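Once you scroll down, you'll see the structures, which are given as structure tokens.
Note that chain A is present in both complexes that follow, paired respectively with chain B and with chain C.
Our next item is the complex of A and B:
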């Protein structure tokens, strides 16, 4: 039992962590919390099943195609739901515009793809291993993403420009950084990471439209608790959430697990609205 | 002072809330009500069910409208309260847990339960940012459905439970419809009353200008709790009716799509309106009936509508209907304050001592914003506070009005220490202020903006406003008259009915002063009121400020226009790097060598 808690918990936790990072990538580029993070995760599963199962593409090609589609949707998200409302950030219109866009995509998927969960293809043609590939793939994807992002932010000029925008977008613009292009790139990157999450966890979560709200919530919990913008918080929080949820699932049943997660989420946020690692904003007047 | 009680003719017309004005506001509702009452003459019972559903939805949406449309809280999971009310009513009426209760009693109890849970679901809004709050309401919606599914002994789990049946004469389709129509009418009436009360205006103030709302003495927690109680109660009652309409409920009946419908009906209707969301609810309920193939796509269409509304028409239906605010305003408007009217606006605050700062210090990180500041503002005097940028002028103002807490030292009024970090308690001490950037409630009219300033002088309670009891009506009449007078005093009465966000910058500055005057302030803190005004406007502003102080109000004036300061101030304090560089009469300051070197220039 312990083995299945750990393997399943870490796997689902890896997916949550990736969705959390998706939130972060969009947030740091634009100070926008976007409802599209969970939708991207859902699309990762649906695109994977569509390209590989329905269209019969090889797994590798299907993988690339899925990520490319994710990037494209990220760019559309930025253009349609973020850029038009960015001027009045304090009105929080992005909450509505991203919610509307996420709902549009989710409903479209439900109608045109299926309202039932569809099987996701087996990705690697290898024999039985110690731990099944559906469990280690999300963890691998998560680790790769974290290492990749670190390398990007630390060692490339584009990555440093990302950081500069995240730190102070006015100053970055004053320095002549192409803020808008970097923001578009960030949303494309978020699209890739989000669909990667859904693709890696596809065998576990299946290709199902209702994964969008589920991932939206459970991907948000770790970043909200860890502090928005912190990828480390997202990974630690995501894995912990996955393990906790699976343990509670096995020990007391799924509904109490959801109630417990939700209760902890509310209590921690009420005690520290900025998250466990975040800093409070003081100046208002 | 005969002029004091004679504002202009336009102002009198506006101040009078006579029968014609009320009829003009009410006719769309009356028309809808009459059309609703006549519906059985035209439609069959199928339409009776659809119309009853629209009424039930509106009962919920009318309450949610106060939360989303007025207070601006993004509560997207309100279906949770519908679910709760549906199950509470059904279970109580069916008698699975208790002896079977009458459906009316069950509905009333569901309302009580809903009120409590409305507060529980809503309370995080007091601490959390918008997106976080949206997420928690979503979480609640998921949890409630899961609990309904799991708690089989009470809710019947996935099998479900029978909805309540109302006794005669409300058991038939049309009978039930009239019951729902009646409730919907009552909800419309109550929320319209509230919207036109000081509570409704305060909600919009919290949404659009929270800081200004605090300065006017509005307590966000108390107000929101009252609104969540009301909106939870009506949502749960709507749930009970929904169960009755469905005749049998399972957790599947309460999909997230319903939440989306409620939420989007409000935004399509327009924030801060009652009629708009009412039309929105009717349209969204009826729309899929006209085209059967659309049913599957309904949520998709709602989402598309939401996106279009947000991007292209943020004001919703209400903005389309608001033809009055599309009429062009007069060009070359002039602001002509009438200081002679101040006698009616400002009561003499007799026996108030000075407002003093004793050795106050505050640093942000390593920056000493204020470093041991002593200041005394006396009633009836204009006290200028000048200094270079970053010398701590606005920080001083924010400390007096309670946004910052001094790390050492005290802020005292007549010798009593004012509580730090409690900006909403300053209004009760008659300390009013304006802001460096005008904090306007853009979607409200100028008159409503001004009336917000007098919120704490209302005597009626939330419930009295809902039911339009006499105290509410007296409050409204008094606030309206006072606001018109304050507007006339600053010279803006012609603009009273105009949306505040259509005003020019200079007009907004005077509007903020009028709003502050509504408190009949003992002390008035003005943060750069002359910034962006023309020379002529500055001269008029100066005369107005002097007249205000001569009525006994102590004025603290933070300003960069040296001429204005030296013209009208009785005393001047010069700050530099958070310390007093010099203090004295304008003449003394003007010849102070260090001040001239550091700030004024030769």
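Our next item is the complex of A and C:
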């Protein structure tokens, strides 16, 4: 039982964490909470199955094509759902625009792909059970992403520019940083990370259009738990969520597992509204 | 009041006109097409059933019209795609009954749509044939002209329970459904039926169909001593996860349940082909291969007609096509026998006895509008699919 909780909990937690990071990357670039993260995760599975299973591309090519498609959809997301509402951020119109776009893509996927879950290709024919790829691939993807983002933000000029617009977009623009281009790049990066989540978890979650709302929902939990904008918090929150959810599956089972997860989620937020890794917001009085 | 020449002329004209209308109306009724309002879901998430039933329905209409129709009247199939959406089904049903003035409504073909549309069709007094399984869709008092030419959920559950208890001789059963209306309703309905039949339900519960790991549930079933798993869901992902997890656990209990267990979508999601062994899904004897691999004679002849008409069977289920084929045939024979007035059709169907359809023999009475026979519902081997039909599960005999 413990083996199953750990292996499966970390794997699904890794997927949640990646979706949480996707939320964060979009949020830090635009201060918009884009509800397209789950949709990107769903598309990662669908594109992977499309490119490798249906079109017969080699796994590596299919992987790169999936991430490229994710980046393209990220750019479209920014242009269609975020940029038009940035001037009226306080009206929170982005909730409607991003949710509508996610729903549109989800329905289009259902019509053009399938309304039934489709198999996701087995990428490497090695190992089963505890070390099966469906368990370690999401964890590896999550670890690679968080390390890559740390390197990007700390050691590259582009990464520092991302941080600058996240910190104060007006000041960054005044310093001559191309805010719009950086935002577009952030959304492309979010597209890559979101589709990576779905691709890495494809064997577990299958290529299924209805994964989008599920990932949107569970991917939001690590962000709320870890603190908005904190990628490390999202990773810790995601993995904790996966482990707790799987433990609840074993201990209470069925639909009660979801109840247990959200009970703990609410308790944590009541105790620390800013999230476990987030800093308390100071307000000038 | 004095009678003037003008009054006499006016009265004569009115009399002549009414006489003329009275004489013409039967002539029109005798030659007008028999309008069948057809409500399949041809697109959307629940369309696989509708697409297959549509094939059979079109074939039957073409055959009847090619043979000259019914007493010189051709069948006119007025199809409205419900798009798997109850709202659209309601709008389409109203259009068919009120604007198109159809003689009979065939459908809707999905329970969710039928639940929404049936009261409206009944309100407009149009005879309705529907093949949906939800029990409440027939009610001789509320819907006196609604007749079901397929089994009810109770009949399906009863057949599953008979197979598990009577044929497999299993006493300890685990029942699992997904959290959809169908899944929860099935679990709630079938668990008491199993208990009443003498089984011990050692596990029952509902799980979100999108839950990617069902191992905890299956471990719970195994620890409770389950000797058979009965899953009720139309979600191929959910069902394949149950089958795959059973295989990974090396647990050799039979899985007995919903039709989708034997679908191509479920097969595509299996980790190993052998995991499909000892999986039995509900089906119908009329559209199943017997132990020697033969279809019943009536069905074999029907399959020949399907092949001659180049109708695809391999990508769907034979019983869906047969069900679609039977409906226009039954309507045509009814109109031939008693005409197309709603009360005439209703009276005829209320006395229908063992009408020989390809899908099954239909019997209705004034008190019972569920016409499908219990003994036609059987369980089949999921892995034996061939041409849209399956081989009956072990234990039914030749």
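In this section, the second predicted complex is superposed on the first by the 264 of 285 C-alpha atoms of A that agree within 3 Å, B and C clash if a C-alpha of one lies under 4 Å from a C-alpha of the other, contacts with A are read in each partner's own complex, and residues count from 1 in each chain.
Operating definition for what follows: a contact is a pair of C-beta atoms (placed from the backbone, for glycine too) under 8 Å apart; a residue touches a chain by one contact, two chains touch by 3 or more.
Treat the numbers as computed from the prediction; the structure is a model and nothing was measured.
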Combined model on chain A where chain B meets chain C, clash or fit: clash
Chain B versus chain C as contact partner of A:116, first or second or both or neither: second
Touched partner set for A:206, first chain B, second chain C, both or neither: second
Per-residue touch tally on chain A - higher for chain B or for chain C: B
Chain B versus chain C as contact partner of A:12, first or second or both or neither: second
Partner chain(s) touched by A:146 [first = chain B, second = chain C, both, neither]: neither
Touched partner set for A:86, first chain B, second chain C, both or neither: neither
Which superposed partner A:1 touches (first chain B, second chain C, both, neither): second
First, second, both or neither for A:259, with chain B first and chain C second: first
First (chain B), second (chain C), both or neither touched by A:246: second
Contacts of A:269 with chain B and chain C, given as first, second, both or neither: first
Residues of chain A contacting chain B in one complex and chain C in the other: 111, 253, 255, 258
Chain C residues touching chain A - in the complex, by the definition given at the top: 43-45, 47, 179, 205-208, 210-213, 215-217, 219-220, 235-237, 240, 265, 268-269
For the chain B and chain A complex, residues of the former touching the latter: 74, 76, 124, 127-132, 134-136, 138-140, 142-143, 146-147, 149-150, 211, 256, 260, 267, 296-297, 299-300, 302-304, 306-307, 310-311, 314, 364, 394, 398, 403, 435
In the complex with chain C, residue positions of chain A that touch it: 1, 4, 8, 12, 110-111, 115-119, 204-206, 208, 210-211, 214, 246, 249-250, 253-255, 258
Chain B-touching residues of chain A, taken from the complex the two chains share: 33, 80-81, 84-85, 92-93, 95-97, 99-101, 103-104, 107-108, 111, 213, 216-217, 220, 224, 253, 255, 258-259, 262, 265-266, 269-270, 273, 282, 284-285
